[in-house]
Structure formats: structure tokens, C-alpha cells
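All chains are identified by letter, namely A, B and C, in their written order; residue positions are counted from 1 within each chain.
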Amino acid sequence: MPTIIKALQSQVGRKLMTGITGIALMLFLVVHLAGNYAIFASAEAFNIYTKTLESLGILLYMAEAGLLFFVLYHSFLGISIWLGKRKARSAGYEVYKSRGGVSRQNLASRSMILSGLTILIFLVVHIWSFKFGETEMIMSADGEPMRDLRQLVIDSFTTWYIALGYVVVLSLITLHLFHGAWSAFTSLGVTNKNNTQAFKFGAYIFTIVLMLGFIFIPVYIFATGGMGSLIAY
Amino acid sequence: MISLDAKIPDGPLEKKWSRHKKEMKLVAPNNRRKYEIIIVGTGLAGGAAAASMAEMGYKVKSFCIQDSARRAHSIAAQGGINASKNYPNDGDSVWRLFYDTIKGGDYRSREANVYRLAEVSNNIIDQAVAQGVPFAREYSGLLANRSFGGAQVSRTFYARGQTGQQLLLGAYQAMMRQVELGGIKYYTRHEMLEVVIIDGKARGIITRDLVTGEICQHEADAVILATGGYGNVFYLSTNAKNSNVTAAWRAHKKGALFANPSFVQVHPTCIPVSGDYQSKLTLMSESLRNDGRVWVPRKKGDDRHPNDIPEDERLYYLEEKYPSFGNLVPRDVASRNAKLVCDKGLGIGKTGLAVYLDFRDAIARDGKDMISAKYGNLFDMYANIAGEDPYTRPMRIFPAVHYTMGGLWVDYNLMTNIPGLFAAGEANFSDHGANRLGASALMQGLSDGYFVLPSTIGNYLADVKPGTRYGTDHEAFDTAAKKAQEAIDRLLNINGKRTIIDFHRTLGRIVWDKIGISRTKEGLEGAISDIRSLREEFWTNVYVPGEKNNYNKYLEFAGRVADFFELAELMAMDALDRAESCGCHLREEFQTEEGEAIRNDKDYSYVSAWEFKDRNGVLEEALHKEELNFEFVELKQRSYK
Amino acid sequence: MSTNMTIHLRYWRQTSPTARGYFENRTISTVNEHMSFLEMLDVLNEELQLDGAEPLEFDYDCREGICGSCNLVINGQAHGPKKGTACCQLHMRNYSDGDHITIEPPRASAFPVIKDLVVDRSAFDRIIEAGGYVSVKTGSAQEANAIPIQKNDADQAFDYAACIGCGACVAACPNASASLFTSAKISHLSHLPQGNVERSNRVVAMVEQMQEEGFGDCSNFGECEAVCPKEISIAAIADTRRDYVRAVIQG
């Protein structure tokens, strides 16, 4: 039997790890979304949430390192699959057309590399602006100083190009997940002839709910100029 | 003088094979690796033999003309494979399978061979199941059987309509395992062009690498030809496009006898020819005749839509002529009558070479759903190919050649009259006599490959000194290689005006018209002179394109068509010699007033084995007769009235 | 009844494995709706020869959709537009007078071109060699009915065993992956008790060989299933992944 290293390098292992890291990243997105909605909970909730996260110290670093690993591993696999395909078909077709029917070849599946790379670039910008972005220090109700990330979010999303940029990128993530969410489970071998439609349907619903959840925040903040009644002051 | 000793073991029928196995010489396991065996062809017989012999420890070299062993034409067999397991408890036995086969062959095969076939049929099923062949099963989890081709017992094992494919893949996989283990050297896209004979024994072959055009020499201690049948002499047949007689024919020209060349089976329910461009014919299961009614319009040239032709203007010729069997008469009778009505000008469609197979009454009686449940996939296949809906318009059908019972003459050990040269499967003549029963081609191929040859080859090799090598630089190899190359050069240098396919199609028409479903003395004599003059034109006016040192499919075809020309002449000679009707062979002079075949057991109870002498414009062959002695069965005339 | 159609063909020409290929255009005006696609190419070849040109090489044998020899990519689709149909069973009635048809060989580095549209698919043989069999010797088999197999399992095994090895899955896959071909054999054998014994070794060896031959990764596009003339489900690929993980875990 192959060693773990060899198994991970096999085409099945690569696919499995793409699926596992993909599912892990989707789970992270769920947690991320839940955190985002703190902005609607109370005036302080969002900042307390971020402060609590930062106060985890070493635990947060470990979580961040894990996340970084998943992102990098997922990206590495995606890029190497894409490079592998160019090697496996060194001379391309003059005419190429999907047969349709049961084929899952569509805009989403064909553009995984593009949507994926865009998301990767976006992540750098995203972390740069929100994790390391400049914020004012304010006092919490308990008199503790904390970063006013909430204001940073509101300021950012009332800027039209940032709000638009986020909507565009979130749409690309939606596209990525339209293929990725279902595909990840197929890669793990849990789908079969009977349940594959159910998995596909579930994956679409999951993606749509999750992404509407994300997109709602920048759209709402921009549309209301940051003064919407849902945002607690 | 050639001696035709069939080497049939003595003793009671049931004991012959086991006694023979006991008495045959063996090769010790550590000596087997010193013997090399060449096997040409990777169908059921060749694939099974290659795998089995490599497992035993022999060094095997396997050759096929396709790009993979898995594409051999055995793959296209649909119906199933017979075995006398008697799982359905309907009274089947080895004896009954033997008896049905020998009777079905119209008493023109050897009792001992056929009995052995029936005997090992059960081992074949065991072997295939162990390999993972997904045969149909009952809800109990046990193997399912069906009745096939009018048999009175259900003894046919099947894997949907793809039994040949599944059995072939079983043999192919076993073979690939041996390729991996080093027991088989595997040559694809290689065509055998010559057998090399040294000191009277087969010692190797000459092949052409079909990719590079290189002529290659291969030495061995024995050569097995499992190269299939010659149905493509008719141009249109249900055979695959690459099926050919070349390997067997070149062996014949080196001295191997060719037996019963005129025994060709025609299948009555094929999709008819639609035009000149037609490249092959597609068979549909004859089970269709269980519910379909065969008819033609009574009036010549009646081109009305079939559904507009009233009942009294339809000629249900099988029902009228054979009131008790009706549409279910055997294959040869159904085929012959279709040809008869078409010869009278009653055939339908543009070509006039088709009859209707009508499901109107069956659909009215049982409903469309019931008919669709029984024949849905066949109806779909027909609709796809013919472009017509068989639920609303009668099918058009016509007979087509699909199996050749004749082939290289072999003894009980499957060895030809050339020591060390064996023939297996459809390439030999051994088991089906003048007519083959449904679901027994797969049985014979696998029986030869898995169970007969692996035993009998040892008996031959035991007398060959291990490690005897003459080297491929021996002059016999040289001469054979030169001969093969010269034949190719000659074809390429003709540079004529007519294409190979044009010649082949024309030859096919002569063979179909005159050496086909029914034969006459005049027709056969005419065929011989037509074939000769067409052959003469071929050698002066054929255009063979391309180069010899490259992949060149039409060059391959040219060589094969050249061999078909000679074979066709021999078929006519054989049919002419056999002044009786038996099985598939109907001589119009020898039939009852109702058109039933009259067999002549007194004068023609023999295997005709032809020896090639020369071809100088005229094919010269000497006839040898192997008398058939029936010790265990009583000879009877068939009747389907 | 049927009239002749004119078809504008554009097909790949390549004189040898190492030569540079190119497209050649030719119009034929004697196409009949009842011809199969390959018969149309036969007609083309007769015309080419009568013009003294070399005929177009393409692979074929049984012409009834079972041997798996033919493997043309027609207007960008492996085996052409018809579902569940090999191109030898594709009829010209699926086309109209004046149509333009581009014919290419299956494009994959693991299937090098031999000549024109003929490619070398021996990589498939080597994948089977790696483990696509049950290691049973002739003569050692037990009585066929000794092990009952659930009808459902036998039927499923058949569904996968129906693969004809044509390579359309590779031709159509955007990654040129051979996952469906390889998995069809793995699933066929692992659905049967006879094949179950060697299940772990088989999946590991076959997956390794598939990669070694230079086929691409699977990205679950499902295009392979869509073009498969036997409509083999990509559920086979999921089976392979499960079997592989089990093999690695069990060691």
C-alpha cells in the first residue's frame, strides 16, 4: 500500500484533499458570516466580537495558521491540476463543445481557476484592509479600549467602489461554490447514482443562502449610506 | 500423400476426452518456460489460450491486428453461451447438448469433438464467473438461463445482449495479467502474413507492423491461429470490418488443409442494405420472429406504404408454406425463403432486397407496452439505424452472413496437418458441421482456448526438444519475409484505376448471389469463372494508395481482398463438389418439391479438406475426404412442415 | 425518398506521429441520410483515391458500437452529438444539407497520434495490466453457482463492465483525465465477490498507472459520462475514491 505522502500525491489523493480543504473553507465561511451579522446585533457587538477573537491569543494564531494552510493547500492543488491539464492535453482542439445532458461543464466549473485566483488575490486585500487596516481606538461600555472595526466596515462599504468590489468578488465566490460545493462531496466519494441530485441541490441552496448573507451587508450599508435602521447604534 | 488422421481416441464417447487427457504426454513445469508459443488473434479462443498457457508457464507471444486485444470480433456476439449445467432442471445434460449440436450441424461434424465441447461447456461458465463476468442472475443470486435459438431447454447463459463482450473482456483481463507478469509478449497492430515451416514443422510467423510497415520475424515452438472466420468474403456481413481470412489462407497456401469452405451461416433477421455505400450489416436478435410476422406484397413493385396494403394483398410466405412452424422456422429456412421471394421480384424498398417483419398484429394483441418491454432495445437499435419507427411501420429485414463453419482442418488435438500449427475458434472447422446452433460460437471459442489447447499443446511439445532454435536468420524466415514483402510491393505497384473496396464489393456480390443462401451447379460454375476474371482484373487494375512504410489501412485491405478472391473460388469448388443439401448448404438440385434439403449420407458423409496446389490464373486444389463415422447417434432428416 | 446532401468537411491530417499536423477541407456532395458517419468517410476515401490522393485514416472495426475502435471528435464532441451513441452508429440523418463538420482525433498527450485520426490508446491496456482483473487461473474455478450474487450487485457490475474502452471520456474531459475508464473497471470488479479480494491492491495500482500514463486530474466535470457511448455513470469515480481511501487506511 502507498505511504500517506504517495497517497496524497496521487490523483485521487489530490482530489480528496481539494475536497477536504474546500469543505473546511466553506465551514469557515459559515462561521465568518455568523460573525459578520454581529454588526446588526448591537452597537458594540461587532467590536466586542473582534476583540474577543483577538484576545484568544495563541489559539487565534493557530486557527489562522490552519486557515492559511487550507487556503494555500487548496490553491496549490487547484493550480497544479490546472497546470496538469495543460500537460495532459498539449495540443488542444480547434473546436470544442460540451455534450450537455448530465455534463456539469458550465461557466462555474470551467472558470474554477479564474474565480479561484481572483479570490486568492482578494483575500490578501481583504486581510490587509480589515485585519491590519487602520482603526480608531474607542472605549467599550466596560471602559476597555478596543478597535472600532465596525466603523471601518461602515466607512468602507459606504465607499461605492469598495462596496461594488465586494459584490463582484462575492459573486465570483458564488460561482466557485456552484461547482465546488457539490464537487467537494463527490471528491470525497460520498455521492452515488441515487443521491447525487440531492447533493447538487443541497450545494446550490447552501451556496445561495451563504452568499446572499454575505452580499447583503455591503449592499445594505451602501444603499442606506451606513444609516440603515438594521445597523444598531 | 497427406494422411487425414483425426486422432480420435478410442473408447466410449463419454470417456474419450478424459482418457485422452490421461494418456497425453506432459511437459514438466520447469521445462515449460523453455517453449515459446505464438498465438495469432486475441478473441475468445486466442485470448483464452494465451492467458491459460502463460499461466502454465509457457512463453507466449500474442498478436492482434487491432489496437488492443479487447477489440477482437468475439466482442460483438450478442445472444449468449450454452452450457449443460441444467440449473433450470429441464432435463438438459452433456448428452443432450452434444446431440442438439450434432443434429443442428446436420450430421457433418465429428461426434468426439462435439461431445468434448458439450463436456467442457460447464467449466467455461465456472471459469467466466470466477473472472468476474457479470452474467444475468435471478433474485436468488444464482445464474439465470434462457432458451435460445429454438432449443427445447434453457441452457443459455447471458449478460444482457453483450455476452460476447463480457466473456471477451474476461479473457482479455486474464491475458493482460499475464502481460504484466511477463508470461505474454503482446503485439498489437500486427498482421500475420506468413507461417514459417522448418523441417515440416511450424516454427514461426512473419508479421507486418501495421504502424511502421516493418516486416517482422518471430520464432516459436508452436503456432496457434485463432484468427476468426471469413464471412467478409461476402463484403457485406455482420463481421467487423477488419475480420479476414489472410492468416488462415496463407497457412493454407503453405500446406494446411482448408475444410468445408462452403459452409457459411446466414442469419435471417438483419437490417437490410440501404445503398452502395453500405459497409456492413447489423444483426438483430432472431427472437423478433417470436412476435413479428414476415411478409411481402403479393403484387410486384407495390410501393404503397405497408400499412395501406390490405391483408389479402400481403403474402405471409413462411406462414403459408410452413403452417406448423410459421415464422419460427430455423435460420437457414427463413433466410432461403426471403431470398426466394426477393428473387421473384417481390422484395420491398428501393433495392428490392428486403422483406417486412410486422409487429402490427402483436401490438394490437398485447399492447405497445408489452412489445416494448420484450424488444425495446432492438426496436431502438432499428430506429437508430434505419431511421423508421418499427412500432408504427413494419421493420425491413434481410438475411446476412454472420458465421463460417468451415476453416482450417484440425485433428482432435486442434492441430492442422502441419505439425506444430494449431487452429482454434471460428478459424478451424471442428465442431459445428454444416450449421451452427445459436449460442455455441462463444462456447467453442472458449472451449478451444481455455480447455482443449492448453492440454493438447503439451502433447505436441513433449516431442519437441526444449530450446530448439533455428534463429530468425534461417533461410526459411528469410524466404517467407521476402514473399510477404513482395506481395505488398506488387500490390502497391499496380497503380490501376479501380479502388479496392470496389473490387471487394463486386466480389461480394458474386459470392452472395451464387455461393450464398442457395446454390446450383450452373451458378457455381459461373461464379468460378466470374471470380477468375475479376481476380485477373484486380491484379492489373486495382489502385492501392499510400506507402508501405507507414500506417496504411487500404494496403491491409488490398492484401486481404487478394486472399478473399482465392478463398471464394475454393468455396465455389467445395459447394460444387458437395452434390447434396445439408445444413446451410442448399443445392437447388437436391431438395424436395417443397424446397426441403435432401441430405445424401451415403456419398457425402465426409469433411472435405482441400489441399492447395497452385494458382496460375486457376486455383488448383486437391480434395481429401475425412469420412465421418457415426457410432453413437442415428442420422435423421430434418423437417419443419 | 432520400436525396443527396452536401457536407463540408474539415479534418485533421498528420502523416506520422512526429509530423506536424494540419487541417484539410473537402466538400462531398453524395452524402445520403442513411449512411453512418463512418460510411460517409468511406465515401470520402473513395473520392480521395480516385483523385490519386491518400485516404484519410481513422480507426474502426465492428461498426455496431461495441468494439470501441472508433473515437472521432466531431465538431468538438467525442463521438458527435448523439447521446449514448458511438460515432459508427451515428447516422447522417442527424445532419443537414450544407453542414460544416470538423473532425479531430481525441486530443490527449497519453493518446499520441499515429496517423491522421488514428491514435495510440495502449495506455488503456497498461491500466488494465496494472490490476484490472481477477487473479484466477484457468481450471481453478469453483462451481459457478457456489457464491450467490445479489441481482442488484450483478446488474450494477454489468453497468460498469459495459465500458468499450473507446477513450471518449478522455477525449471529452477538459483535463484529459482517464478517471471514468479506470473507475469503470474498478467498480465492475468491486461489485462482485470474486473481485472483492483484490480490491485494495487493484485500486491503488490502477490509479497509479493512470497517473503515470500522463492523463490529467479529474475535476468532476461529468463531461465523460455525457459523451460515454455506454452512458457509464461517474458514480464509478466516487467508488474509486472510497476504495482508495479504504486501501490507504487499511494499509
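Assume a residue touches a chain if its C-beta (ideal position, glycine included) is under 8 Å from a C-beta of that chain, and two chains touch if they have at least 3 such contacts.
As the structure is a prediction and not an experimental result, all values here were calculated from the model.
Ranked by how far their CA centres sit from the centre of chain C, the chains are topped by A. With centres computed from CA atoms alone, C is the chain lying nearest the middle of all the protein shown. Taking each chain's centre as the mean of its C-alpha atoms, chain B lies 27 Å from chain C.
Our note on geometry: chain A versus chain C, Cα centroid distance of 37 Å, whole angstroms. Between the CA-based centres of chain A and chain B the separation comes to 63 Å, rounded to the whole angstrom.
Looking at chain A, one finds that none of its residues touch two or more other chains. Interface residues of chain B, counted against chain C in their complex, comprise 48, 51-52, 55, 66-71, 73, 75-76, 85, 87, 123, 125-143, 159-160, 162, 165-166, 169, 172-174, 176-177, 179-180, 186, 188, 211, 238, 240-242, 274-275, 277-280, 282, 350, 384-387, 450-451, 454, 499, 501-502, 543, 545-546, 550-554.
Interface of chain C with chain B (complex): residues 1, 15-16, 32-36, 38-40, 42-43, 45-46, 48-50, 53-55, 57, 59-64, 66-69, 85, 89, 91, 93, 114-115, 118, 120-122, 124-125, 128-130, 132-145, 148-151, 154-155, 157-158, 161-162, 164-165, 188-189, 192, 194-195. Every residue of chain C that touches chain A in the complex is listed here, in rising order: 21, 23, 73, 75-78, 81, 83, 102, 104, 107-110, 172, 174-177, 179, 200, 204, 207-208, 210-211, 214-223, 225-227, 233-235, 237-242, 244-245, 247-248, 250-251.
Within the complex formed with chain C, the residues of chain A that make contact are 1-2, 4, 7, 10-16, 81, 84-85, 87-105, 109-110, 112, 179, 182-183, 186-193, 196.
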